[in-house]
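Each of the two complexes below includes chain A, the first together with chain B, the second together with chain C.
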Partner chain A sequence: MGRYFRRKLLIYLLTFFVAVTLDWCIPRFMPGNPIDILISRAGLRGSAVQSMYDYYMGVFGLDLPVWKQYLNFWASLFKGDLGISIYLFPTPVTKVIARAIPYDLFLLIPSILLSWIIGNNFGAFAARSKRLDNSLLPISYILSATPYMWLGILLAWAFCIVVRIFPLAGGYSFAMKPNFSLAFIGSLLSHWVLPFLSLFIVQLGGWAIGMRNMIIYELESDYSHYLKALGMPNKLIRKYAFNNAILPQITGLALKLGEVVAGALATEVVFAYPGIGYLILQAIHNEDYFLLQGCFLFIIIGVLAANFIIDIVYLLVDPRIRAGMAGETA
Partner chain B sequence: MTNASGKHEMLYFALRNTKLRVGISILLFFIVLTLIGPFLTPYEPDEFVTSGAFPPSSKFWLGTTTFGEDVFTQVVYGLRATFIVGIVGGGLGMLLGLLIGFTAGYWGGVVDEILNMFTNIILVIPTLAVLLIIAAYLKVRGIFVESLFIGFTCWPWVARAVRAQTFSLRAREFVDMARISGVKSYKIIFSEIAPNMMSYLLLVFILQFGGAILTAATLDFIGLGPTNTISLGLMMNMAVLWSALILGSWWWFIPPGLVITALVGALYITNVGLDEVFNPKLREM
Partner chain C sequence: MRKLVLTALSLVLLVSLALAGCTTPTPQVVVQTVEVEKEVIKTQEVQVIVEATPAPSAEAYPRNETLYTTGVQWGPPSNWNPWNGGGYSIGSVGLIYETLFIYDPLTDTFSPWLAESAEWTDDTTWHVKLREGLTWTDGTPLTADDVKFTMELADPNGAYKVGLAFQNMWKSLNSIDKIDDLNLDFKFKENPPYQEVGFYFMYQVPIVPKHLWEGMSTEDITGGANENPVGSGMYLAELMDQDRAVLVRNDNWWGIKVFGKSPAPKYIVDIVVPSNNVGLGLVLQGGIDLDNNFLPGVASLVKGGYGIKTYYPDAPYMIPANTVQLIFNLKKPPMDDLNFRKAMAYAINVDDIVQNDYAGLVKASDPTGLMPSWEKYIDQDVVKELGWSYDPEKAKQILADAGYKDVDGDNFLEAPDGSKIDLKITCPSGWTDWMAAIQIISRNAETIGLKLTPEYPDYGGWLDSLLKGTLDMSIRNEAQLSSTVYSYYMWVFQHPLETIETAQWGNYGRYENQEAFDLVDQLDRVKVGDDEAIKAITSELQRITLTDLPTIPLWYNGLWAQMSDKVWTNWPSATEGSNHYLPATWRGYWNMTAGLMLLELKPVENP
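On to the complex of A and B.
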């Protein structure tokens, strides 16, 4: 068990290191330079361009040797300093992102957990039942092939324009200021329903398909046949199959996180929902590279944290790893 | 059926498989549409053919955008971009995954430890997040560049799958035989190991193809798609940006998403169908 944890932790630390390095490298080694953009915005001419350029290079520490820039990047990262947002000047990037994160968590956690639970139960129920299999499976495949934003657009069109039940854009009514009144919470919820639904529905298909296949596989295995030969009730056999099939689905959850996060980013763009995805859109439109890099780092940290939690859950659920008999070599 | 054997048996089951028939038919339809589509429309994707948004009519089969561009023309040209991303992006991801998977699986030991660690690291980092910052720094983006970047980030799945398969095949007698007879390593991989997982590799490629298409659509939708051509994701991006929802121009945002869903869905269904054809255990279902 200790070995399992040490390995996982090592992977996560390395991943974080690689991610931060990427975050540092990409802006420096791509064509185009944020400083040039800053200067071209100022609309300067002649020698002012050069002196402004030198000034900015100094301010952002870009005139230092490359290795020193890299170390400085880490140092400021540990101080929680990701630079100043250009789009919301002069708010620090960390603050801009901290304001957006609750919306993301509120959207992602319920949609991931609910779709995982319901999808798995659906899939287990449909396995080996001819009629359900024939109706549920095609629907599941279509769902898992649907781009998140397209379902979002369809839902927005159906429920905001054709039938006016839900509001189209924002995290809460534009006429309100954030407070703890019932009306405000109601407004938050009504803005949350559609983005949540589009994430929830698309994920559902994948889990149902995965679980159905796993259950069929388990029902074909020796222990199921043995239990059947002993005359155990079908319900009990299926329960054992479910318990075994759920383990790969937990791993699957960790592997799918990146895709779901990407889906959430796109969905937030559709509904102008004030999470990280919407921030990224704004950052791109305003060429706010510090904000963009900050968003990237926060996404990575979020995904790593979620992976770690899933690992712990796996540990709690799978007795084999606890006993140190077998460990999925990370 | 009793005397049908080898390839004929495979073909027999392939033709009998409903999923495969449906999937392949949809795929063929889109391939044909991509190839002959440009001849069906007299317009260019970025040509302003009329003034404002009009619903589908006999003149504009799928209506027009707010700017007066023909939606059908954009879908047809967007499909071309979609296929390019699928083939180039998915293909490159496949090649990289094969290279790393074979190397790790065949040599094992330290090489495997390092490559596997590397694969796991890239696997955890959300692909789209990396693509976002890369694309944001490129001022001019072509469809090929986009495909290349997608290819460079989508290989870990393939590497993992290929590594596991190679591991199990490496220990077989015929591979040992080849090794004892002094066949070179790369030759063993390509003539002994790879042919035995051909069907599996085809399935992996199909999934890569679909995955690359969905990733590109998301990237385009966020506004980091190609800057010089039309794509299906870009169409949805434009539709949302220019309030097609509020104006009720459903013909602008429904077709591109529907085409992506149908295409990727067809790929998935083909994948399942092929799996049933290749794997006799699944056939009786």
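On to the complex of A and C.
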């Protein structure tokens, strides 16, 4: 057990190091210089420019040799300092992200978990019924191939313009000040429903199809036939099939995470929903190295943490891994 | 294990359902008084209409007292610092911090604001008299000391040396002398830059309180977030969040006495709208009262009875706010060849851009590039003699005469020296109207046999190519409506060509012509209002731009403004009997006449 975790942990640390290094490098490969953008936006002119240029280069540490910038980056990262956003100068990146991230978590975690759970159960259920299989399966195929953005626009059109049930933009009513009242929480939720649905629906289709195929495969396998021959009740056979079929789905969940995060970015833009999606887009346009690094750091940590949790879940649900480890220690 | 997951799932579902249930107002929400409860019951009866609107008691900004705007903020608002030129939140200059005067570009007049009057007492002394009884919102009086302090922030030999846009003014300023609390004299060297004094000191420089800013470091002055701004203006900063910034009316504002009325909206909520579809939807629903984003196809909505208004009821609908110009890299062949540029001028079908890209929302530019507000300076004789219009045959002829021909048979012309022409025209990715425009320009170039490929880099990379002069061709529109045509020519002929890239504002093609540069400097030294002298100099400058074509003016980008009549009326409009202020929330427009618009707005009864 300990060895399993030590090895996993080592792999995760290595992945983290490589990912963060790439995260640091990639923005810096972009042509252009963020300080130019900052200064040109501030409308500074003439002799004023040189002094401000030097000042900002110093503030952001961009006047240092590249290797030093890289080392400084790691040093301040461990101090929890992600630098100052250039685009939203002078707000610290940690503050920008801290304001945005609750919205992302609130959107991502429920949509990922609920779509996975409901999708799998529904897929397993559909695999048993010819009629369901014929009618709902094609719909699932269409849904799973739907771009998040497109579905988002459709939903916004249907529920915000045609039938005005949900608000079109923002994280909460523009007439409100954040406070701890039921009305405010209600407003938060009504703004959350459509972005959530657009993520949820697209993911749901994928999981349902996957599960349906797995169940049919499992029901055709030898052990199912054997159980059937023994006269076991159908319910029990299906339970075994489900237990086996869920394993690849868990792996799939780990693989899917990155894609969902990208989908959330598009969704946030469509619904003008606060979160890091729109920040990333703007950070790229403005070459805001620090904000971009910060946002991706969050994604890296999120995806790695989720994978780690899935590893543990695997351990719990797959007796073979437990058995394998028991063999190791013996 | 599965049981655990399922239990957790149902818990999540239950909680979400329970919370989702709160969206509809229930008596539980407010139980304090009987009256409120009655109201809640009423709301439930008409639930179909107000479903998404939470219980009224929770609203901090009642709809009929709030002006919703968008178009100024492209990301989360980050500061209230008036010195953060392109980054301050809505109204930091104009509504919170104020200028000595305001300027109306449509009538070309200055009106007193913080200052009561200003005049040149002799050729080098500019006397400013402040209004009596001005105070900062913390109660401290606003005096000549504050004005002097503000102007001296940028003094390169002063205590702060802040690199502000008006720093260059100190090259011609000797000193600013306070006479008493209301009067000061600006003492200039010989030959002061009158036009720039009118531009910067009269309505661009926001006056900040000395007692709060004098203890700050230079870095904090330019870069600080200034979270609790103390200004003098008609609004106070209330809130900054991810997707909004909020202002609340200053009921002690000096202007209430002077104008006899206060701004109509108690609150201004400025919303960050990241995409056109959201912006359009909000305007149509009446969720936004004033939208200053470019909304494609808005002309059909104005005509379609959706309650959306624009400044002009007919084309071009919007007030021209700046001139979009084709810019050439004059340091690269073949753009350095006048014949090539001339052929491009005849080849571009601006009407196609106006009609098909903008659906009539913009107006084709005069060949001089001067906006309608500067029409009086246009020298029609020069335009008649040297101007151009769309004529691809003539463009082909110019190229043929200059020796451009297709040598290798690929249907594209080669330069007279035989080298291949394969150029790029760029604009930032995501600027959809411009992307369509450069596609049209690229097609126009192709018809006369020039290979010009449209490309859409990120904003950063695009700006970099302009600043460093690595571009081939692009389009740009920085010189905005202003009090002086000098600002337009300074943009076209920006000089000296700075050695470091970031100093570049305008003249991205690196056009060099000492005669033009001297004329621009001369123009700066003409007294404000001396139109004859301005005409004489600009006529020369027009001759140069039309002969040498350092840029090609294409069309006037509009002051995009979509106004909704659902909650507020009496919007600015060109129609008779309306006010003719600028319907703008953009930076630099509140200190023109946009602030006056707020005084004129009228709430709709029972919106």
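Throughout what follows, the second predicted complex is superposed on the first by the 282 of 330 C-alpha atoms of A that agree within 3 Å, B and C clash if a C-alpha of one lies under 4 Å from a C-alpha of the other, contacts with A are read in each partner's own complex, and residues count from 1 in each chain.
Rule of thumb we're sticking to: a contact is a pair of C-beta atoms (placed from the backbone, for glycine too) under 8 Å apart; a residue touches a chain by one contact, two chains touch by 3 or more.
Remember, predicted model here, so these are calculated numbers, not experimental data.
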Which of chain B and chain C A:Ile300 touches, first, second, both or neither: first
Touched partner set for A:Thr146, first chain B, second chain C, both or neither: first
Residue contacts with chain A in the superposition, chain B compared against chain C: C
Partner chain(s) touched by A:Val66 [first = chain B, second = chain C, both, neither]: neither
Which of chain B and chain C A:Leu13 touches, first, second, both or neither: neither
Chain B versus chain C as contact partner of A:Ile280, first or second or both or neither: first
Chain B versus chain C as contact partner of A:Gly258, first or second or both or neither: first
First, second, both or neither for A:Ala156, with chain B first and chain C second: both
First (chain B), second (chain C), both or neither touched by A:Ile26: first
First (chain B), second (chain C), both or neither touched by A:Tyr289: first
Footprint overlap on chain A, where chain B in one structure and chain C in the other make contact: 30-32, 153, 156, 160-161, 168, 269-270, 281, 284-285
Residue ranges of chain A touching chain B (in the complex, touch as defined): 11-12, 14-15, 18-19, 22-23, 26-27, 30-32, 138, 141-142, 144-151, 153-154, 156-157, 160-161, 168, 216, 220, 255, 257-259, 261-263, 265-266, 269-270, 277, 280-281, 283-285, 289, 292-293, 295-296, 299-300, 303-304, 307, 330
Of all residues in chain C, those that touch chain A in their complex: 1, 5-6, 9, 12-13, 16, 19-20, 22-25, 28-29, 51-55, 57-63, 66, 68, 74-76, 78-79, 84-87, 154, 156, 161-165, 167-168, 219, 222-225, 239, 241-244, 269, 271-275, 277-278, 281-282, 284-285, 287, 428-430, 457-461, 463-465, 467, 498, 500-503, 505
Chain A to chain C touching residues, read off their complex: 30-37, 39-53, 55, 59, 85, 87-91, 96, 99-100, 103, 110, 113-114, 117, 153, 156, 160-161, 164-171, 173-179, 181-187, 189-190, 193, 268-272, 274, 278-279, 281-282, 284-287, 316-317
Interfacial residue positions of chain B with respect to chain A in the complex: 117, 120-130, 132-134, 136-139, 210, 214-215, 217-218, 221-224, 233, 236, 239-240, 245-246, 248, 250, 253-254, 256-258, 260-265, 267-269, 272, 281, 285
